[in-house]
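Next come two complexes, and both contain chain A; in the first it sits with chain B, in the second with chain C.
Presenting the complex of A and B:
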C-alpha cells in the first residue's frame, strides 16, 4: 500500500503556491483527458497550485515539485528515464489510472514474445506493404515486458480507474491539498 | 428459553442449531466478505476472505458453526487489512485487467476490492499465460481470471451431475481443467442452462454474444456496493444469477 504522505497545506507553507506536475508514459492520455474533466474547477485549482512540467504547459523537464501525477506504465527505456527524473523532482508521486498501477492495456502483450509482436505488426499483418520494423536510433528501445511504475520507483498514492473520473481526481487532489488523507468511496473508486 | 446468539462486532445475532457464523450473519443482514462461499453449496473454506476472529481465534465464517455466546470480530481494521492483502494476491496471480473484462461491475472480486478500498495490487504482477477456451458455441472460458473458488466444480458435480470442471495440480501450479480428453469445453455436455454456468464470481465463464448489453457504470456493483447487497446475496439462486451475464 502507498506510504502515507502529506502535502503541507498552502496555509502552513505561508501561502506559497504548491507546484504540480503531470506526465504520461505508456498510456493513452485518457487520464489527462479525465483530469481536464474537472472543467471549471481548473480555475479553483490554479488558485492553489502552479503547473510545472505537464502537457498543459508544454514544459518538458520537471523542476522541484510538490505533487506529481503520472499516467501510463513502463514499456520502453525512455519511460524508465522519464519516470526516474519525475520521481526525483516530486515530493509526492501519484500513480493515476490502470496502466500506471498494473500495466493496463499495454501490459496485455506481456504473455507474447516482443519480437513476434513487432514482426506481426510491421511485417506479416495482411495490410502491410513492404514493411520494416522501426529501427531509428532515436526511437527508445521497447522493453521485453510492460511494468507498472511501482516496480521502478516508490509511489506514494494511487488513483485507480480506466480512467478515473474527473470527480475522483478532484476529490483526491482537494483532499490532498487540504491536508486530509485522500479517500475514494463508492462510486468514485472503480477499476474500469 | 432465550434464543441462542453470537455477539458479532458487539451486536447480538440469533442463530438456530446447525447455522454457521456466515449463515447467522447473512440472515441478520450483516455482510461478511467472501468469494468461494455460496448459500446453495456446501462450504469450501478456500478463499479465506471470510476469516473472522471467533473467541480470539481466526476461523472461516463459512465453515465454523455458531455457538451460543461466541464473540466474533468481523468488520475490524485488522481483519480488513488481511482480507485486502488476500485480494491483492488474487489480483496479481491472475490477469484481472478490469477494463477489458465483460464481468467488470458484476464481479465479486472487484466488488470486494472496492468494498475493502483496495487501491492497487501492491505486489508484482504474475501476468499468467493461460490460453482461453472459446470452443463451446455458447460459452467462453478465460482461465486467466480463475481464483480457484471451485464454485463451478461444485455446481457441475453436485447440481448438474456432469462434473465438467475440476482443479488439477498443486500449490501455485493448481489450475482449472475441463473434463474432456481434448481438454476443450466443446467436447463436454456443458450448456449455458447449467448451474455451473451461473456461479462464477469472476470473469472465467462468460456467455458469448451478450457482451456489454448492460453498460459499464450501470451494473450490479456499480449501482450499489456489495456490502449493501446482503439480502440479495442470501437469496441467490440459479434464476437470479443469470442476470449477471445478461
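Presenting the complex of A and C:
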C-alpha cells in the first residue's frame, strides 16, 4: 500500500519512468520498423520509459503499463486475447497505423466468405493433394471478418499512416511523455 | 448483382417509346437545363421510374453531362433508377407516426402482401418502405401511395389497402375517406381568424405604393417564420436595392414551401386553405422589391396539393391578380410557377432550395453572397417561408404598427404551431408570440407531458421544468413544430428516430455531416441493442461538438441537438441501456468464430471466447 502511494505521487509529480508495451497483431511489422526509425532517439526514449511486452524485449505477456502501442487489426482469436490483455493493463492504448485504425490490407478479405476461402485454399485449389483445413487447437481460429481494434476495445489515441513516419511516432510519444495532448500537424498527416 | 439489376431495368422499359414519352416533357420545359428536376419528375410520372437510356436521352437533349443528370436523379429520394413497383407505398417515419403504431402497420402490410420491406415484389406490383415525415402528424399514421397522401391508418385500413393493391384497383377508385386531409385548426388568432378575399391584400399594397409598403414591413418588425427569424424587411430592402446582373437580369421571389422539418404541418394548412393569401403575399413581395416572377417550391410530399394550387393560380389569372397589369395597373406584372421537390429535407435550406430550383442536387451554397444579392440564377432573390409571406399580406392590409402591437417586442405578430404527439386535440394552433409552453400544453390537452420537442429534431427538447418558458425568438424560437411526449414515452427512442432522420437526410456533400450523422446513428443503434457503454455516450458528445463546428450547413450543425438535449435532460433513458461503463464490441465476438469452428470442426475451449478460453497467464 505504502509503495503504491509513493508510486502514485511520483506519477503525479511526472518524474516516474513510464512503462511502454508494443505488439503487432494482424499487421506487417512495418509500424514497428518505423518505430525503430526514430534511430538514436531510442536512447533518449529508454531514459524515460521501460519496455514491457514488445518484440524488443521478448516478454510474452503484458504487465501493468502506462502506454500500449498496437499495430495491426484483429483477424483471429489470439489477436483478441492479446488486445484485451493490453487494454486491461495499459492506461493509454494507442492504435498505430492503417491496419489497427481501419483494418488495412488484411481487411481486404472482408468481402469474401471465410468458409469458402478456407475451402478453396486447403481443399479445392488445383495443386492441393488430399488437403485438410488445419484444426490443431494450438492454432488461433480466424474471425469471419477483420476488425480495426477500436471495434473490439476502447482506444484512446490513433497514429495514422501506413506506416506513420519515425518522426511522427517520436512527436507523438514525446508529446505524451511530456503531458501534452498529442497532436500531429499537417505535414505529418498527409501521405501523398 | 448490379449487372442483373441493370438487365431487369432494361427489360421493363420499352426504349422505342422513349421519344414519344420524353418529347412533350422536354418541349414543355423548353429544353432548359435549369428545369432538370421538373423534367425528371414529369418523365418519371409517365414511365414509372428513370431508366438509364432515359437519363442519357435527357442529358443529350439538355446538353448536360450524363453524370450530372444521374447525379441529380440519384440525389432525390423520390426519383427511382429502378422500377419501384406499380404501387409505391411509403409510410411516414416521423416519431409521431411511430407513436401511433406506424411500424407495426408497415409490418402488417408487408405480411399481407407477402413482401419484404424495401424490396419490390417479384411481379413488380408493389413496394413498401418508409419516408421522412409527410407533414400529416395530426392525423397519422400517414402514408403516401404513388404520391397521394393517406391518413389515419388503422389495422382495418391496412388490410383493406392490401386487398386493393392485390386487386390492382386504380387509386382513383380507393375509398375517398382514406385520402381525407383535415386542416384541424384548433386556435385562431390574427391570421386564421379572418376570411381573406383573394387580392384584397395585394390591392392594399398597391394603394400604399412599393416604398410605403416596405416602410410598413419595417414598422411591423416581421421576422422569418421558417425558423431562423431573420427580419423580413431587411431581406426585401436588400433585394430591392441590389443591382440585377446582366442585361436581362430580373429579381425573383421564392416561396419556401419545402416544409420538411419533422412534426411541422402549418404550411400544409396554409397551402390548402389560405393559398390566396400566400399568393397575395408573394405578389406583394414582388411588387415591393421589383420582381415580376415568383417561384413556389413545393415539397414532393405535398404533390397532392398541386392540382388545387394550380386551379387557384388559374382563377387569379382570370381575376386579373396574376399575369400582366395586375389590378388594372399597367406595368405591374407577376407570374407564379410551382416547382415540385422530390424528397430532400436539405432543400428547406434556402440556398439548397435555390440549387434544386436551378435543376441541380440540393447542396447548400456558401454564403455570402446571400440570395438577396445573388440568388436564383445569380439574381437578387427574396426567399421567404409560406407563413412569412402570409403575414406580409396581413401587414399590407392592416399596417405595420398594428402587427408590431401583437406578440412580444422582438417577436411581433402570431405564430402557427403544428401540435402533434400525446395530446387530445392535435392540429394547428395560432398564438401571439410570447405564449408559454404550459399554456399551449393546457390548450391542446397534453395531460402528462414529460417533454416537448419544439422546432422539430433540429430545434430544442424541453423537459418539464422548462414548461414555463415562452415561444418567441427571445426564448424558445421555432419554425412551428411542437411534438409532445407523454410520461410513458421513451425519450431515447425519440432521439434515435431523429438520429436516423438526419443520417438519411444528410446531403453527403461535407464529410463531417455525412460521416458524423452515420456514426451517431450507429452509436444509438448499438445502445439500443444493449451493447452500448459510456464510450458511446462520450462519442455522441464528441461528434456533436465536431458537427457544430465543422459542418457546411445548418443540417449538420443541428443534427446532434436532439441527442445532446435528451442526454442532458433524460440521461437515465440512455444509461439503463448501457451494458458496461467501459466498452463492448457492437457484434458478438464468439459468433465471429462460428464459421471457422464449422470449417475446422473444432469445439475446444480455445475455439470460443469466454473466461475458460483466456490465454494462460492473462488476468481476466
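The rule is short, and it goes like this: the second predicted complex is superposed on the first by the 166 of 192 C-alpha atoms of A that agree within 3 Å, B and C clash if a C-alpha of one lies under 4 Å from a C-alpha of the other, contacts with A are read in each partner's own complex, and residues count from 1 in each chain.
What we mean here is this: a residue touches a chain if its C-beta (ideal position, glycine included) is under 8 Å from a C-beta of that chain, and two chains touch if they have at least 3 such contacts.
Quick caveat: nothing in here was measured; it's all calculated off a predicted structure.
*Asks:* After the alignment on chain A, I want to confirm one thing: do chain B and chain C clash, or do they fit together?
*Replies:* clash
*Asks:* Name the contact category of A:151: first (chain B only), second (chain C only), both, or neither.
*Replies:* In the superposition, A:151 touches chain B and chain C alike.
*Asks:* Of the two partner chains, chain B (first) and chain C (second), which one does A:119 touch, if any: first, second, both, or neither?
*Replies:* second
*Asks:* Please indicate which partner A:141 is in contact with in the superposed arrangement: first for chain B, second for chain C, both, or neither.
*Replies:* It touches chain C, and chain B stays clear.
*Asks:* Determine, under the contact definition given at the top, whether A:131 touches first (chain B), second (chain C), both, or neither.
*Replies:* neither
*Asks:* Looking at A:110, would you say it contacts chain B, chain C, both, or neither? Reply first, second, both or neither.
*Replies:* It touches chain B, and chain C stays clear.
*Asks:* Which partner does A:85 contact after superposing on A: first (chain B), second (chain C), both, neither?
*Replies:* second
*Asks:* Touch check for A:77: first (chain B), second (chain C), both, or neither?
*Replies:* second
*Asks:* One more residue to check, A:179. First (chain B), second (chain C), both or neither?
*Replies:* neither
*Asks:* Would you mind checking which of 98-106, 134-142 or 152-160 on chain B runs into chain C after superposing?
*Replies:* 152-160
*Asks:* Quick check on my understanding: which residues of chain A belong to both its chain B contact set and its chain C contact set?
*Replies:* 145, 151
*Asks:* Which residues of chain C touch chain A in their complex?
*Replies:* 533, 535, 582-583, 585-587, 589, 592-602, 604, 606-607, 609, 613-615, 617-619
*Asks:* Which part of chain A faces chain C closely enough to touch in the complex?
*Replies:* 60-61, 77-78, 80-82, 84-85, 88-89, 113-115, 118-119, 133-135, 137, 140-145, 147, 151-154
*Asks:* For the complex, which residues does chain A have touching chain B?
*Replies:* Touching chain B: residues 1-2, 95, 98, 101-105, 107-108, 110-111, 145, 148, 150-151, 155, 158-160, 162, 183-187, 189-192 of chain A.
*Asks:* Show me the residue ranges of chain B that touch chain A in the complex, using the header's touch definition.
*Replies:* So the residues of chain B in touch with chain A come to 84, 91, 95, 97-101, 104-105, 110, 113-114, 117, 119-122, 124-125, 127-129, 216, 222, 224-225.
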